[in-house]
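The two complexes that follow have chain A in common; it is paired with chain B in the first and with chain C in the second.
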Partner chain A sequence: MTVSAQERLTRAAGYPSRPRGRRLQASGLPWILPALVLGVGLIYYCIGYTVYISTLNWDGASPDPLSVGFRNYSNIFSDPVFWKSIEHTVAFFVTTFVLQTALGVVFAVIMHSRIRLAVVYKVIIFVPVVLAPAIMAPVFRQVYAANGQFNWVLSHLGLGFLAQPWIGQTSTSLAVIIAITIWQWTGLTFVLYYAAMSQIDQSLLEAARIDGAGNIRVLWSIIWPNLRGTTLSLAILSAIGALKTFDVPWLVTVAGPSNSTQFLGTYIYQMTIQLAHVGYGAALSIILLVIALVMAIILQVAARERTGRP
Partner chain B sequence: MFEVRKWWSKGLLQLIATLLVLPYLFPLIAMVQGSFAGDGWGNYRDVLQVPGFFRFFVNSAIIAAGVIVLVYAVTMLAAYGFAKLRIRFREIYFWMLLACLTLPEVVLLTPLFTTTQAVGLFNTYWAVILPLAALQVPFAVLLTRNFIHGLPDEMFEAARVDGASSFRGFIHLVIPLTRPIAAAVLIFTLIGAWNDYLMPLVFLQSQDMQTITLVPRFFVGEFSNDQTKILASAVLTALPEIGAYLCLQRLFERGLSAGAIK
Partner chain C sequence: MRFPFRSKTTLRSLAALAVAGLTGLGLVACSGGSSQGSAGSATSGTINWWGWTPTNTAEANDFIAAFNKDYPNIKVNFKLIGISDYQAAMRPALASNNGPDVYDLQPGAYVQQFGSYAEDLTSSAQGALGSDWKSKLASIAVDGLTSNGKLTAMPIGSSYAGSLWYNTDLFKQYGLQPPKTLSDWKQVCQTFKSHGVGCFAQGAAQEGFDQDTLQAISNSIEPGYWTKASKGDAKWDSPQIVQTLSVWKDLFGSGIMQSGALGAQQYPDVNNAFLTGKYAMVMMGSWYTQYATQAAMTQSISAAGVAGAKPFPILPMQFPDVAGKGNTSEMFGDADYGLAVASKSQNKSAAETFVKWMSTSTKGQQVVADRLDTTPVLSGVAPDFNTIKFVDPAQQSGPVNDYLKKLVSVNEPRFALLNADVENAFLAAAQSVASGSATPQAAATTLQQAADAAKAQNK
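Here is the complex of A and B:
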């Protein structure tokens, strides 16, 4: 009796409850240790190491690298290619996110509306998600080449005047990278929205219909607001994904022509592996990491405020 | 969702759906069509005759299997610990793990390069398996912890009252009950490991260690940029992935959508 009263008191006072009546349980630390060693251990070790390298002027091979303090970092901020990569990342994130969301919602609504061959459509949209970008890259290099299939389709649609070397010129290369990314990830967006729409209360829709709302009105006023949680998750996913972008711009356009599809990931790779400016690459890596962390925190906080739940 | 009753609106919706899907089909058609240009089936014969072509698949399978086993074992233990056991500073550990979610793999290149060479793991499967697993673990733990969190505490209490240790509770309760979420972890770990390009590119230098994502790169050298054969090799490497997806369609979609449900 006294024990439970005491327990209630400590709980009410906001202290972490320490039940004395119950048998003392062994700590769960050994259970999480393997994950911590592998995940946190390996990754934090690498980050620490990268921070150290970022203060060096090092080619990756010489035995005694020169310490330069924070000079790599100050050089980055006056590096036009760095700012270009940031611009590309922002443009890439905004366009892919907006278009993928729109396409994903539209596909999900259509597939929920009892059309024929829905399974076939679903498979076609989803297959790109499971295909490796590295495998598809040569295909896209061919499709968007000056004499590629994309121009062939344009000319057969009577739009031949639009034909151009899509990946070979700076004005369109980024758009190609964006198009490929949208092609690849719409399937995931679609599947997530499809699942979220199955959770919407059907009686809500029926009530709206009885009140005379049309299809577009229902989509805008009932379906879309109910998808907010999914949309926020996708925003975080695509923001982090945009910062991680590497495979597609590297393999399709080699970050060019003249840096027009340069992203932070491709720039770090070029600096570190190709040009052997390992210290500079490490400093870029740390900046990329800081941006990713700060953005994840901001989006998480924003998501909490919008949904009003912890 | 949409109500379409009249025949013409049904037809219109079908037409819109078809027009929207076509661009998604287009690159796949272009890939197959391009792979038959010139020699036709001869392109496929040439690709299959390249010695060691099969080796790429074996390597990818070994790496994917290694990553999956490692991620599964580590994740299940940790998720149970985070969800149901008493751990001091639990939240701190958890957030340290979550912060790794934002990590781009390119950041790991230099430190891993020097370290794997120093400890003699360079150009072994471990040089790819360990970092890939480390990158997958945070998300897997997040998903699984949330899932186990949803299981009633009373069940674990009852097992304890009956004299079961934490370990027996883990084997007899956690492992069987987490099967749905384990399937999700399996699928996205498989996709992540199988499709990864950067790690094998940097850490697997010898020819007989390389994975299928390096196949196009290999054939650019092998056939001196003969596009038709490169596309034939792309089709051959894409087929198992499409096959696996078609066989496990439900699992794939459920697995990936589990990620967004908080």
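Here is the complex of A and C:
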């Protein structure tokens, strides 16, 4: 067997003589090993274990859980509270996404208009993003209480007839949760749109102006189409955020009254922790996971179709 | 860039290490429940006590300080966990080997969920009080903490609900008397409302307090019916419960219940509102006796955010005859809390010493009694009113003493017969009826279905 001069050179240089693809595989494995251990160990193992638990009737503590097959899943689909939480999630996602997007774009356009004290306004808009919901929840409970500051403001504006117990009635409690979420996350939407607008080619805007386009026309025909990628990313984040919503409805309204602010996350917590139906809670978690995956895939596919990428 | 691992052996070793790590992770995760704890010394050591009550850490530290006078070598660390976080915190803690040595238990759902992690304390009780130990402790408290013949926790105090407390200053200011009937109650509330003062407040977002009011209404309609239904001897969708829910709805519609009650928590919202004089009446039980005292009232008003707190006298009152049938709405109660010894404790003997001292010693029970937070369970122990200072002794001493004496005869349970599913169904029924999303009949039907499902689940 003969060894080529090239191969001898390669060996002398310390490089393995295997084909390039195999070499990459071998040397790549150790690099991804820590992530693999964490990923498989902490995430996929937990998902698998949750799937297993979802087939049990178990309180999370007793040594003899009862296997019930897929009965937890069939029970979920006939559970009115589950469907209520799905309705709330959809309404929450649509409303928060639309309003945050509208506000984010408007704020970003205004901040790009070279107004005075822009930095101050940027900080004011962004501050709610960094405030923990646990800190703000008691404040909002007070603000939206029957004798709270929101009603006080309404009455001092001559709108006292609109005053009502906002978090104490089923007709308005979800709107309060949505309002708090918009207040909290519009800052992030604004920052992302602001950054995306900075990337728009100025010559496009100048060309539009020369062609006689007004502010609205420029916004609608030039700026908005160039923000499509950001909008789609925000849609995915909002959708996943809506599915994961827990802190605000739990801390402000405890998912009530009468389940009017019940979300999947709060319902999973109630079932698993408060009522000790760990199997049922696990089945809800798996359904949540499936919905999140399906939604992310749909939005990704939609994004590729729009941008024409394969 | 090159990576130093070139040989297959090294790579395989790393992969094996990863697999071993994963397996180890799994083993660690699965091996949390293997330890069975150990006895240790009965007179020395460190024990960790976790509980949602006493809600005032200073009170727990008073108990510990008094205990340490008798047992100086047992160090007790109290960790306060909010009641809303208690279940979430206790389940993993008790399943692990690093949980508490001593923990709070309450009759009903908590005994069912966490009683299996506790030692059976029957022999401890016998050792401390003799073979007739049950006759020396409040039976209503012992029964609620006993599950399948196992004494899961030693009762520390009892609490009783079904009464209201009122601000006597506000009633005097507007020349009013505590209401005795539903129409009286409506009238009183109209008067307060006309003067811009809140009448009655309840945190209807919290299950336990809704349950108290519902049970009190039910006792006005047919005394004892609620307990029969709790035992499974009567139906929750009966006319009595439908009427109970109808009266409950009327409290909201007639202006007795405060606006926004469905979004309010009893603690801290309503408690703070009452203690700062915003409402004249509140649905609270025997645990509220502590606020009849100068010290606790002042401290609580300060805690509610009022500078220069000025305490005012409060008095208990019987729940009004809301059914108009002339029935006395009897109170109900069980162990406020008991102390359990964790099976996995490494200091079980010291933990039992502490629990026994708190529950069965005269000294321990006297400290508990004098706080007026919970009613002592050891017979013969009563609050020492020579050392307790009321806000207005002349006005409060007699009625508060009468109230405490009446509690001894209470024999209807509060939580002991119910599990978490049924309690959750009470909240759903109460909120759906109050918000108008269900009729009293529909809510009662749902309640019965929930009780049936819970019964089937526990078979």
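The rule is short, and it goes like this: the second predicted complex is superposed on the first by the 282 of 310 C-alpha atoms of A that agree within 3 Å, B and C clash if a C-alpha of one lies under 4 Å from a C-alpha of the other, contacts with A are read in each partner's own complex, and residues count from 1 in each chain.
In the analysis below, a residue touches a chain if its C-beta (ideal position, glycine included) is under 8 Å from a C-beta of that chain, and two chains touch if they have at least 3 such contacts.
The model shown is predicted, which means the values in this text are computed figures rather than measured ones.
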### Task
In the overlay, answer first, second, both or neither for which of chain B and chain C A:A208 touches.
neither
### Message
Per the contact definition in the header, classify A:V94: touching chain B only (first), chain C only (second), both, or neither.
### Response
neither
### Message
Contact-wise, after the overlay, does A:I86 reach chain B, chain C, both or neither (first, second, both, neither)?
### Response
neither
### Message
Taking the superposition on A as described, I'd like to know which of chain B and chain C A:L29 touches: first, second, both or neither.
### Response
both
### Query
Looking at chain A, does chain C or chain B touch more of its residues?
B
### Task
Look at A:Q274 in the shared chain and tell me whether it touches chain B only, chain C only, both, or neither; answer first, second, both or neither.
second
### Task
Figure out whether A:V40 sits in contact with chain B (first) or chain C (second), or with both, or with neither.
both
### Message
Per the contact definition in the header, classify A:G60: touching chain B only (first), chain C only (second), both, or neither.
### Response
both
### Task
Could you tell me if A:Q169 is touching chain B, chain C, both of them or neither one (first, second, both, neither)?
second
### Query
On chain A, what residues does chain B touch that chain C touches as well?
26-27, 29-31, 36, 40, 45, 60, 273
### Query
Quick one: in the complex, what on chain A touches chain B?
25-32, 34-36, 38-40, 42-47, 49-50, 53, 60, 103, 106-116, 121, 123-140, 142-143, 148-149, 153, 183, 186, 188, 191-192, 194-197, 205, 209, 215, 218-219, 223, 229-230, 233-234, 237, 240, 243-244, 246-247, 251, 264-265, 268-269, 272-273, 278, 281-282, 285-286, 288-289, 292-293, 295-296
### Task
In the complex, go through chain A and note every residue touching chain C.
14, 16, 26-27, 29-31, 33, 36-37, 40-41, 45, 57, 59-62, 141, 144-147, 164-170, 173, 253-254, 256-260, 270, 273-276
### Of all residues in chain C, those that touch chain A in their complex
2-3, 5-6, 8, 11, 14-15, 18, 21-22, 25-26, 87-88, 91, 94-95, 113, 116-117, 204-205, 258-265, 269, 420-421, 424, 428, 431-432, 434-435, 437, 457
### Message
Touching residues of chain B toward chain A in the complex: what are they?
### Response
1-4, 10, 13-14, 16-18, 20-21, 23-28, 30-31, 33-34, 70, 73-75, 77-78, 80-82, 84-88, 90, 93, 96-97, 99-115, 130-131, 133-135, 137-138, 141, 166, 191, 194-195, 197-198, 202, 212-216, 220, 227, 230-231, 234, 237-238, 241-242, 244-246, 249, 252-253, 256-257, 259-262
